[in-house]
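Each structure below appears as structure tokens.
Two complexes, one shared chain (chain A), two partners (chain B, chain C).
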Partner chain A sequence: MVGKTAERRNREVLVSHLIQAGFLVGLIVIWYLAATRWGVNRLLLPNPVAVYDNLFDILRSGEFIDDLETTLGELAIAFAISVAGGVMLGYLISRSPYWIAVFEPLLAAIYSIPIILFLPLFVLFFGLGPASKIALGASISFFPIVINTIAGFGHVDRLFVTAARSMGASDYHLFRHVLLPAASPMILTGLRMGFTTALLSIIGSETLASLAGLGHRIVHLAEAMEMARMFAYIVFVIAIAVALNAIVSALEARGKRN
Partner chain B sequence: MATAEAAIKVRGVFHQFGEEGDRRFVRALTDTSLDVVRGELLCLIGPSGCGKSTLLNIIGGLMEPSSGTVEVQGQQVCGPLPRDIAFVFQENSLFPWNTVIENVELGMTFQGVAKSERAARAAYALEAVGLKEFAQHYPAQLSGGMRQRAALARALSLETPILLMDEPFGALDEQTRMILGEDLSVLLARSRKTIVFVTHSLGEAVFLADRVAVFSARPGSIKQVIVVDEPHPRKPEFVTSAKFTSLRNELYGLLHDEIRKAVQQ
Partner chain C sequence: MLTRRPWSARLLVIAALLALWEIAARWFVDPLFLSPPSQVIASLDEVFSTRGVPAALQLTLFELTVAFVLAVAIGLVLGLAIGLQPLVRRSFFPIVLLLYGMPQVTILPLFILFFGIGAASKIAFGVTHGVFPVIVTVVAGVQNLKPILLTSARSMGASRWQIFRHVIFPHMVPSFFAGMRLGMSGVLLGVLLAELYVSIAGIGYFTTLFTQNFDPTKLLGLIGVLAAMAIVLNAIVRRAEARFARWRTE
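And now, the complex of A and B:
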């Protein structure tokens, strides 16, 4: 009985993966047909084979390295700032029900504003270089992190705290063995969301106003009408983003298991 | 003589939640005095909201009374006393992110037991409650009854002279509860701890207690104390004896009017 249901579940998973793969293959086939048979302008839609050749050339020549370094460097610094600030501030706010009541709705309200609208201001303050991308990425990813940290630390079951205190737990014991493990699933979710939003906003802002980075390169190629190479860079960025998100999700799952 | 042997002395304790005139103002306890003799098991029984759990928390130093004093082992209580008192709570007080044995050892870490001693004491306590095979399980993988055994093991491993139990079997079904009660009686007859046990169940109170303190409806105070003169460990046959039935009926008589009053509040 159990074996049979497990087998059926495996088959269902396999079928769903096949459908997903088929969907992507179908898209590429339609793209290919549109570019070669249906007469769509090559400036709007390059031939996927040309995109593949360009991608191969980009990877072989290593010309992507400078832009990748710029973007990942911005991402690393922005994420480090928002993690440090968001977790610390979230913890401090969560210590008092009064501060939670004051700040939780306020931060949630700010979180719903498209902060990217302030990009011109960030550029005015920090210039066209990496500093404005870092500031924007850190500002945007700060909110999911601080909100989840407050939720995690702020809603720990009182009975756990009471039980720990009754057994003589010190403040350090309480933090290390009760508050942190109770809050960490929420915090990890916040970190993953923060990471994703930092990545999106940094690449996005690079396409709008920048001097270097992968987003900058894509816009530069678009302006030069090198569509096949631009598409190749887009595919490259998608691959990087998928890989980074997979790594972060795996770390999150691992952190929650422990 | 009786006072000299008292492990816990409660003197004129009043407790209220909120301020007078407040919408949530509740007078929980009024002028409650009580001695718990060293080595006895005292049950607190009473209608819902009569303040019996509040009294337990005050004795354990988890709450400060509005007025009155509590002495434990001759010292006035003004905060948790992890070396003297261990708690068993109603349910789900085990940390879900730790295994059973980690939970037991963590209690001792909090209490300050040397690392070298923890493993042996945890294993011993788990063996005593019959959970040796489940040491590596997480609380979510255990039944409600097993979780309460684990919570009891955690409390026993602390080796305190006093155990405070707040409806430890309250969330369990009648049969599990009966078995746990029998096992508890055997365990405690061996350990000679002083125990205060809060319960809703008349049968549980008569079966476990040396004395049963009956609370009045809110604001609670102790209406009467009944002595159950039967040696520990109690045999399962005790439940069907005439003595058990008459004590249970006496308790029912005392409680019935108070429960009516509590319901009408």
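And now, the complex of A and C:
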């Protein structure tokens, strides 16, 4: 009986994988036919084979390295700023229930505004270079980090704190052995969300107004109407973003296990 | 402590930030880059009387509304189509989640090439941003449905439509409205990204113009109006969510 349900379950998984593979193959076949047979303009839809060749060429020639460095450099600085600011401010606010009641709704309200609106302002302040991207990425990713840090530190069971204090824990010991372990799952979630939004907003701001970086490269190729190479870069950037997000999610899961 | 009420302290914090901004802009920062809030508010009139700005704002509101309605309608239909059949859900839900996780902004230039610089591309980009959270929450809402409810409704002779109207839909309402809220954030992001990207028409034209003219007063005014628009739209969806999700707790 148990063996039979397991077998049936295996078969169901296999069927859904087959459907997924069929869907993907069907999509590529339709793309290929649309580009070669059905006369869709090559300036709108390049041949998938040409996209594949271009992707291969980009990877082999290594011409992506400069843009990748720019984007990842901006990402690293923006994320470092928002982590430092968000965790520190979140911790300070969480020290008092009163401050939580004051600041939490305020931060949530600002976070619900699409902060991408402030990009023109950052461009005015910092110019078209990396600084405006860092400013936007840091200010967008600051919010999930600070909000989750407040939630993490703010909702530690008072009993743990009282117990640790009555056993004579110092401020440092209380922080290191009670508050931090209790808050870290929420903080890690905030860091993961912050990283994802930072990556998204940096590629986004490079797309909107910039001089270098992966987002800029895609726009540049779009303006030059080099569609096959542009599609190849889109695939490349999406692969990098998906890989980075997977790494960060894995780190989050690992941090929560310890 | 001045007061123990959080909301009045919140107002104080906002006032302090505005005061800081005013002082910084008046005496410390180059007026080419930052203007004080008092001046921004005083010149809102001027922003609205700039030729083309009211039309661009109106068009943006129109795009946001249409994109939101389309995202919710398409998301609801796709979410039900994917969520109600176990085989379809197992096959296509992972694909939906994968697409949802992709940075869509990389294909923004494609949308402009396909749909032009007008409203169509902005609506399309808003829809692709807003539709995924709606699909995901509808699928999640349908999944929470207890099979016993469906079975008993069917055994009492309910038609497909009656099952949807009286069993599935009421159970979906809380998650559906949560999805609408997330969908609205997505639509706002998508439409505004596309508006800012196109620098020869619409909002993007004016933000580029004000930036290049070093006119922070008008730029801040325009950004402020758009932010207010976003706050109002978010508040409407939140209100609706609070109102329609109420029956559960009653």
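Everything that follows uses one rule, which is that the second predicted complex is superposed on the first by the 232 of 258 C-alpha atoms of A that agree within 3 Å, B and C clash if a C-alpha of one lies under 4 Å from a C-alpha of the other, contacts with A are read in each partner's own complex, and residues count from 1 in each chain.
Basically, a contact is a pair of C-beta atoms (placed from the backbone, for glycine too) under 8 Å apart; a residue touches a chain by one contact, two chains touch by 3 or more.
Note that the coordinates shown come from a computational prediction; the quantities given were computed from them, not determined experimentally.
Enquirer: Clash or fit: chain B and chain C on chain A?
Expert: In the superposition, chain B and chain C stay clear of each other.
Enquirer: A:S16 in the overlay: touching chain B, chain C, both, or neither? Say first, second, both or neither.
Expert: After superposition on chain A, A:S16 lies in contact with chain C alone.
Enquirer: Looking at A:G168, would you say it contacts chain B, chain C, both, or neither? Reply first, second, both or neither.
Expert: It touches chain B, and chain C stays clear.
Enquirer: By residue count, is chain A touched more by chain B or by chain C?
Expert: C
Enquirer: In the overlaid three-chain picture, which partner chain does A:I203 touch, first (chain B) or second (chain C), both, or neither?
Expert: The second partner, chain C, only.
Enquirer: With both complexes superposed on chain A, which partner does A:L33 reach: first (chain B), second (chain C), both or neither?
Expert: In the superposition, A:L33 touches no partner, neither chain B nor chain C.
Enquirer: Quick one: classify A:V237 as touching chain B (first), chain C (second), both or neither.
Expert: Second partner only, chain C.
Enquirer: Given the touch rule stated above, what does A:P181 touch, chain B (first), chain C (second), both, or neither?
Expert: The answer is first: A:P181 touches chain B but not chain C.
Enquirer: So, does A:L159 touch the first partner chain B, the second partner chain C, both, or neither?
Expert: A:L159: touches chain B, not chain C.
Enquirer: Considering only the touch criterion stated at the top, classify A:A80 as touching first (chain B), second (chain C), both, or neither.
Expert: Once the two structures are laid over each other on A, A:A80 reaches no partner at all.
Enquirer: Rounded to the nearest Å, state the minimum C-alpha distance from chain B to chain C in the superposed three-chain model.
Expert: After superposing on chain A, chain B and chain C come no closer than 15 Å at C-alpha.
Enquirer: Using the superposition on A, tell me which residues of chain A are in contact with chain B and, in the other complex, with chain C.
Expert: None.
Enquirer: Looking at the complex, which residues from chain A come into contact with chain B?
Expert: So the residues of chain A touching chain B come out as 157, 159-160, 162-170, 173, 177-178, 181-182.
Enquirer: Contact residues on chain C for chain A in the complex?
Expert: These residues of chain C touch chain A: 1, 4, 6, 9-10, 13-14, 33-34, 87, 90-92, 94-95, 101-103, 105-110, 112-114, 185, 188-189, 192-193, 196-197, 207-208, 210-211, 214, 216, 219-220, 223, 226-227, 230-231, 234.
Enquirer: Chain C touches which residues of chain A in the complex?
Expert: 12-13, 15-16, 19-20, 23, 43-44, 98, 101-103, 105-106, 109, 112-114, 116-121, 123-125, 199-200, 203-204, 207-208, 215, 218-219, 222-223, 230, 234, 237-238, 241-242, 245
Enquirer: Given the complex with chain A, which residues does chain B contribute to the contact?
Expert: Per the stated touch rule, the residues are 60, 62, 80, 82-83, 85-87, 89, 92-93, 95, 97-98, 106-107, 109-112, 154, 158.
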